[in-house]
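What follows is a pair of complexes built around chain A, which joins chain B in one and chain C in the other.
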Partner chain A sequence: MSDAPALRRRFTAGLALAVAAGLGGSWAAMRGEWVNQRDDLALRRGAVTAMALDQLVGRAGGTGEPLRAALAAWQAEQPAGTEARVVRLSGARLEASTAKVDVGDQAAPRRLARSSPEDKVLYDRGQRLRGAVEGNREGGAVKPEVEVERLAGGRMRLAGPLEEDGAVVGLVQVDLAPAPARRPPAPWPMLAVAGGLLVLFWFLAPRLGGRAWAHGLLAGALFLGGLLALGAHDIRRLERDHREAQRELSDHAREVRAGTAKLLAARGLAAAPALDAGRWDVDRMRRPRGLLDERGELDLARAEAEVRKARGDAVGAVVAAALLGLLGLALVGSGLLWRFGRALVVHRQAYRYIAPAMLGTLVLVFFPFIYGIALSFTSSNIYNTSAPLPELWVGLRNYWTILSDFGIARRGADGALIWNYLNFYWTFLFTVIWTVTNVTFGVTFGLLLALVLNTRGLAFRPVYRVLLILPWAMPNYITALIWKGMFHRQFGVVNQVLAMVGIEPISWFDTPFTSFLTAFATNAWLSFPFMMVVSLGALQSIPADLYEAARVDGATRWQQFTAITLPSLKPALVPAVILSVVWTFNMFNIIFLVTGGEPNGATEILITQAYKFAFQKYQYGYAAAYATIIFGILLVYGNVQNRVTRATEGV
Partner chain B sequence: MRKLTLLVLTAALALPGLAAAQGARLVVWHAYRGGEKLAFEKVIASYNARPTTKVKVDPLAVPFDAFADKVSAAVPRGKGPDVFIYAQDRMGGWIEAGHTVEPIDFFVDDALKKRYIPTTIEALTYRGSLWGLPLDFKVITLIYNKKLLANPPRTTAELVKVGQGLTNKAAGKFGLAWAYNDFYYVASLLNGNGGAVFGPGTRPTLNAPANVKGMQQLQAWNRAGFMPAEPSVALITSLFNEGKAAMVFSGPWFLGEIAPGLDYGLAPLPAISEAGGQPMRPWMTVEGVFIAAPSKQKEAAFEFVKYLTGVESARVLALEGRFTPAVKAVYDDPAVARDAQISAFKKQVEVAVPMPNVPEMTMVWSPATTALNKINSGASPRDALDVAQRAVEKDVAGLRKGK
Partner chain C sequence: MAGAREEKVPHGLLHAFLALVVLYTVYPVLWVITIAFSGKQSLAIADLPAEPGFLDRLRAVTPWPAQWSVANFVSVFGDQPFARWVLNSLVVAVATTLVGVFLSCTAAYAFSRFKFPGRRAGMMAFLVSQMFPGVLTLIPLYIIIVQWLGLGSTRLGLIIVYATTSIPFSVWMLKGYFDTIPRELEEAAIIEGAGPGMIFWRIVLPLALPAIAITALFSFMTAWNEFILAATFMDQEEMYTAPVALRFFVGGFQQQWGYFAAGSIVVSIPVVVLFLYLQKYLVSGLTAGSVKG
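So, the complex of A and B:
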């Protein structure tokens, strides 16, 4: 056992790590929350201003002198630093502007200048918003209908579409003055608590004697107590700020509503229908968030729900920080970290040697693997490839869609079964049949040939051997194309041979069974040499005296085969069969090139189906889930196979 | 050893500097090879030699197979070229993914738009705005063996009659060989009957009555028995080259495969007798010249794009690179007008329709091919297209659902 001073030092270090990770982490998370909250408030205030202006512009006719007059009147009511521009896409015109730069020959109305990169940005933004609104209307909200740009000096630029009779004709863009700055929460209380905990532990530790568990318990209790007190305080503060932000937003919305109504009245513009402040507090897709009603008052239930959600996030952060801190404490306190560090130092030579390999595996194997699995939990597809994965997270939806669909077949109008070849279970069933038939054939035929070739005194043995290995030596991609050609209905050699014996030509790729036969024939051709070579090697390593002894004992040829040959072949054959199963299960080339899934995807195996989902239908997330399922199946198979062989070996 | 390290380090530090010094050049990605590449590079050389050219251009040939994926991967991350050339079929996907294609609507006025064949502009228009300028188009037409056939058929009724006359199955001879198991080719029959794959907008319309009619006509041709079964590209090429197929429906890419010495001619696809003499309307692919969204020299890039798609370069591209340019004025050039092949494709493109550029199109291929195979083996076109329509609708909805 360690002595008391060493324990004291070690656990103080552990507590320091825990405090740094836990208290520091929790504080950083809270600060992040606070910044998000202020950002969100600024954004929502901006959205209210922008959407209200959008409505004003619409009611001012969206064009001409009335619009410019209304915008000028609006500008007069705004705080300094706010400016707005209205662009119409048709003719690329700056219709109205209160921007400081748009004066003199740049004053609105004017055509946007082709030579001006700023004007191009404005115009392209308008086109983008129009595309987004149209696309979102066709189905699903996938593109932002409000664009936000952060400008220098804390200013913010919001742009929304200008609509007339349901069509987007331009955009309204507002630059907002920065919101009054607020001081973020200071780190001092956290630092004070952290220091206090460490000092307290340092002075209490000597009373615990040489008991490690007592040290751990005390350090853990102190850490948790400190974190809970601090966390509770921070969460209360966060809630208070959140409520305040909601009130601010509501105040702002009511103010804007009153101001807009006044402007409408003063300029003699349509006051009906009444202005709806609830439709100004919107998200990026211009969907109302539901926090405000049409007069701009808070919807209390909704407000409480928002606060609850924020609290939930904060509690989650504190719990995560606590776990992180405890982990640190345990690692240092138990001496594990120290021992690991020592191992690194002592065996530094060995670690240096394996570092490149570890790095390579990490980058080339583990990263793509983990990325693929992460992808399978998202709705990633051709529309959203640029979005970060967490935004596309859909949980287990892809897996559920694939695995929960049991509609393999249905009854047609005439009562006949209609198979759904796109169904996962059909493809799985076909893949299993494909694998079993191919491996069975490959092993049987390969072994048979090996036995024949192993006959002593066989003339021209090397020649046969080369000939039989030839199918394997040729690139399987070429072989596959040749076989596909041989099954052509009019020009294929198979049908021509059949015609010689008076059989009608067969459309090989028209029914699932015949189509399967073409792929099976190709793969059989390709797969037996491997099994033959493996068996041949193993056969030659069986000592001849075993057979001699058996003959002396009067064993038949069959008895020799089952009692000597097969058991001796097993160590070589079992791994070969496992390999062969995995290869055949994922035999992409043959299926893809020979049958191409014909007819109607009936002869698709899992891996070609996954390929089609990824690269023909561009559903990357779905295809990744498909691939992960394939991996799972093979993993289970490998485990079972391993266990079975190990069990038989034990006998 | 240490010195070497130092040297390498210095070089590594100096390289970005060198690259920056070269930054005042435009990089253009293209996938041309052989004669096309030579003509393309000649145009670029003459652009670089112009006294008014401020930013010179470096062409870079990227293998066609890898081109689209390379653009998707490199351009949004700012690692790509300033300008790239590709067919319009991937354009919608790139636009939806964002940060790939720069919208050029703002640069283009009506006078510039009028320079091109209208349908080529239509092909590069997505959601109402223009995203690239058209360089050339590709379209399928009727290619026939002059030795076997003096006058190509003008209507489908004639086609069937002539085709049957030239067919001798026992000798492996056929009137017409074309990839009627490939939806891209068969679309010419659907479009000719007034059908379309989408419309309005991105709503799939595979099972529209006009499409069913087109497919029924294909089945009638199947029954008439003047086309080889399971037509693969290799089969069509060898039949035509061996004089065993009198006619082929294919595009400019096929001309390079024709055996030297074979006397062939080009004619427009026949008018559809069953549809009141409406022409068969093949899909056209338009190669657009796009500006990469992250490019730092968009103005200069646009200058180049304008030049490249202009009449001066079109003349070189057409006569030396066998391009079929999108700019109209080049066809008034006597040397181009005399060229029988280019004029034939120009004539065909007048009735062609742009292949859809919406990303939803990628959802169509697989179900449409499945339906086509069923129809070719005798299934009811209506049922097959209904199934395909449902599959496309489901896939499109799955994509659109997003998150």
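So, the complex of A and C:
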């Protein structure tokens, strides 16, 4: 393994892999960052243009001939390829347009034609923007108030709402000429460095003799040196480009501001209040980004913060690339990868048989599990599932929110306790009560029935057995729905039976206790057969001579039960109890379908609560943290249970 | 036999006790049959007069329809798209079983017959995966299947998820059985010149048929009865599976108890029969580890 030529070959291969992953990965990340930057700049320039036009349209009255004249004057100042349209929602009118297609009988002003697909898109977009603005005002910014569409040939279309007295009355849409193209950073310097490193290593390696660690050290040093040099260069370049982009944006904003002010003056439109360029550089929710002040000058602190953030991202990418590369180098250099590859080849038959099943479970069982745990550290919700997780990272905040809230109950104005059923500890307490009562009942009742059924010479035993197993055989969601029906206040059978003995009908799902009883009755019905079957099987395997001997010794029946029956049942009952604790703890269907958490989530168990956070409130991150806590509780339970069992077995 | 200690308890008393318990277990089943054959959508077995007497009330809880009718069965399949929903369930369950069992067979065979690096780790991984809480994996599964792959409201999405999640349990069941098949048969076949593929298909699989059948039946039942994933993934009414459809009849504002009852009977009968036949395997499978320990 350690002769020099082999080492040289192996570590050169390892270095090649490291260089490909590290330098290549780092370069790709930088290039991606560069493209994003250009994209972002184009978008922000567009936003400034669009928002400025929006303001101009507003000051021109937003309608009629003055608007059309103002728009025409605006168009005259724009570069070729830029055009704008103004739509008013009431009456579905294209109020003004400088678009090339809107000429002749299509010229503004006109009604938008329902039959024309383009017009329909325009009108729908206006409605959507109005909905978004109104929705965001009420419930926080969640829907975009500026829509962006990429058109063919690098052109971009931006649409924002047109507002009058705080109400959205239409939209202003601008099509922008493509920004002048720039050459993206070329890969040649990276390739040159990569090749140089490999050649250098190839020629230096023979001086190292047969020492593997020296090879590893040299290859690692070369790789890190190359990556650092290249990374530092790329990051400097990225920063320079970023600053340049900011300046470009500021120049553009000042230009637009001056142009708009001139237009306003020329057309005799209101010049006050002064135009605020800071409110033109906005994100998709029309929130100012704070980079520009009202005259369009850069806010230096803010600009520096943006650059710092970009640098932080880039440094992160380089570090990740370095780790990846070193990992590759270590895997190949140490021969692990080689041995792994050999194992794959030698045992290829076994792996071929296993691969599909393993791959399936990896992707749809293990990956979701890990992804779920990762989600629990984020603020992921239905609106941002496509964003990469690191952007949504909130650390332990979800866990803290869940676990630090001890406000189970508070005093109402009249001094009565008001329970907070959404509190984690309430739900946890309820889940524990739910589990303990159900399992206790299941075990006692199941064991009792098994003892009765085990009576020698009892007639109809097989018939009883089948009838008593029936609840277990029924699909449990059907069981749950049946019992929900039977507990119906007006028509349910349970209230009818109570009426026979003169009890007033009960609204079962109105108080936590009665609601619990419904779920308990249902779960008791379906869970005792399992315990019964397990106990029965174990009872039948107890040799009869044991009792014989005990009777000869004069043991009472209770003594026989505690000294023979219970200990013989233990090996079968203990795992059955453990299983049924976990089942009951996670008995989703019964709670979800019978009580549905009524009243007000009082009878929710942890698992249904987590489900509701995820699929009724769409707080994926929060729900994932909730579910991870459930997993933690079960792990702790499993551990404690294991120790207790082992300890009692030792006695 | 533990019979010795019960000798003094009269059997009549035991029968009375058992009859009471049987009443408790059978009543909901009779109730659902009654509603199903009542021909009405109402929850009530019988309409109560304005001033009900004791006998009226007794009539209202006796699980016997006022009038026998199969109208609910006819219209749940005729007026409601229940046939389609059952078909969805059937397709999903059968496909899940085929895919899941096939993949499990090959994997279990390799785990049982070959020695290779990662064998123990692989089996342990399958075992550990059984402890993952469903709701925790449900959220990412929803994101993967519905939002990334766009397979929401499709049978394929459900099949993929059901089949893969059933693999670990099936592999453990099948591996246990493969281990009991004597190797001599395979060795003889090798001497005769049979390749590994041939041995797997022609010798091992036929011998393991009973175990495969049972694994397949469990896998089928699990998919047939699954509710949470189906309720989460299947948004469109036409793609409901039977469990989601049954809840649809009586959940929320709908109160079509007749349809629900008729549908429940149709959906339950196959699984109840299967279960009663299979329960001895299930119990031994669930408690096997304990008895040895």
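In this section, the second predicted complex is superposed on the first by the 431 of 651 C-alpha atoms of A that agree within 3 Å, B and C clash if a C-alpha of one lies under 4 Å from a C-alpha of the other, contacts with A are read in each partner's own complex, and residues count from 1 in each chain.
As a convention for this text, contacts are C-beta pairs under 8 Å (C-beta built on N, C-alpha and C of every residue); 3 or more make two chains touch, one makes a residue touch a chain.
Note that the coordinates shown come from a computational prediction; the quantities given were computed from them, not determined experimentally.
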Which of the two partners, first being chain B and second being chain C, lies in contact with A:468: first, second, both, or neither? second
Applying the touch criterion given at the start, work out whether A:491 contacts chain B, chain C, both or neither, answering first, second, both or neither. both
Figure out whether A:576 sits in contact with chain B (first) or chain C (second), or with both, or with neither. second
Under the stated touch criterion, which partner chain does A:385 make contact with: chain B (first), chain C (second), both, or neither? both
Partner chain in contact with A:598 - chain B first, chain C second, else both or neither: first
Which chain, chain B or chain C, ends up touching more residues of chain A in the combined arrangement? C
In the superposed arrangement, does A:135 touch chain B (first), chain C (second), both or neither? first
After overlaying the two complexes on chain A, where does the chain B footprint on chain A coincide with the chain C footprint? 385-386, 485, 488, 491
Going by the contact rule set out above, which residues of chain A touch chain C in the complex? 343, 347, 349-351, 353-354, 356-358, 360-361, 363-369, 371-373, 375, 385-386, 449, 451-460, 464, 466-479, 481-486, 488, 491-493, 496-497, 499-500, 525, 529, 533-534, 537, 539-540, 542, 544, 547-548, 551, 557, 560-561, 565, 571-572, 574-576, 579, 586, 588-589, 592-593, 607, 610-611, 614-615, 620, 623-624, 627-628, 630-631, 634, 638
Per the touch rule, the chain B residues reaching chain A in their complex are 72, 76, 93, 95-99, 103, 105-107, 126-129, 169, 172, 201-203, 228-230, 232, 234-235, 298-299, 359, 362-363, 365-366, 370, 373-374, 377, 391, 395-403
Using the touch rule from the top, collect the residues of chain C that touch chain A in their complex. 1-7, 9, 11, 14-15, 17-18, 21-22, 24-26, 28-29, 31-32, 35, 42-45, 52, 54, 57-58, 60-61, 103-104, 106-107, 109-111, 114, 116-117, 119, 122, 125-126, 129, 131-144, 147, 160-161, 163-165, 167-168, 171, 196, 200, 224-225, 227-228, 232, 243, 246-247, 250-251, 257, 260, 264, 267-268, 271-272, 275-276, 279, 283, 286-287, 289-291, 293
Which bits of chain A are touching chain B when the two form their complex? 92, 112, 114-115, 117, 119-120, 123-124, 127-128, 130-131, 134-135, 138-142, 378-379, 381-386, 391-394, 422, 485, 488-491, 507, 509-510, 598-601, 612, 616-619, 622
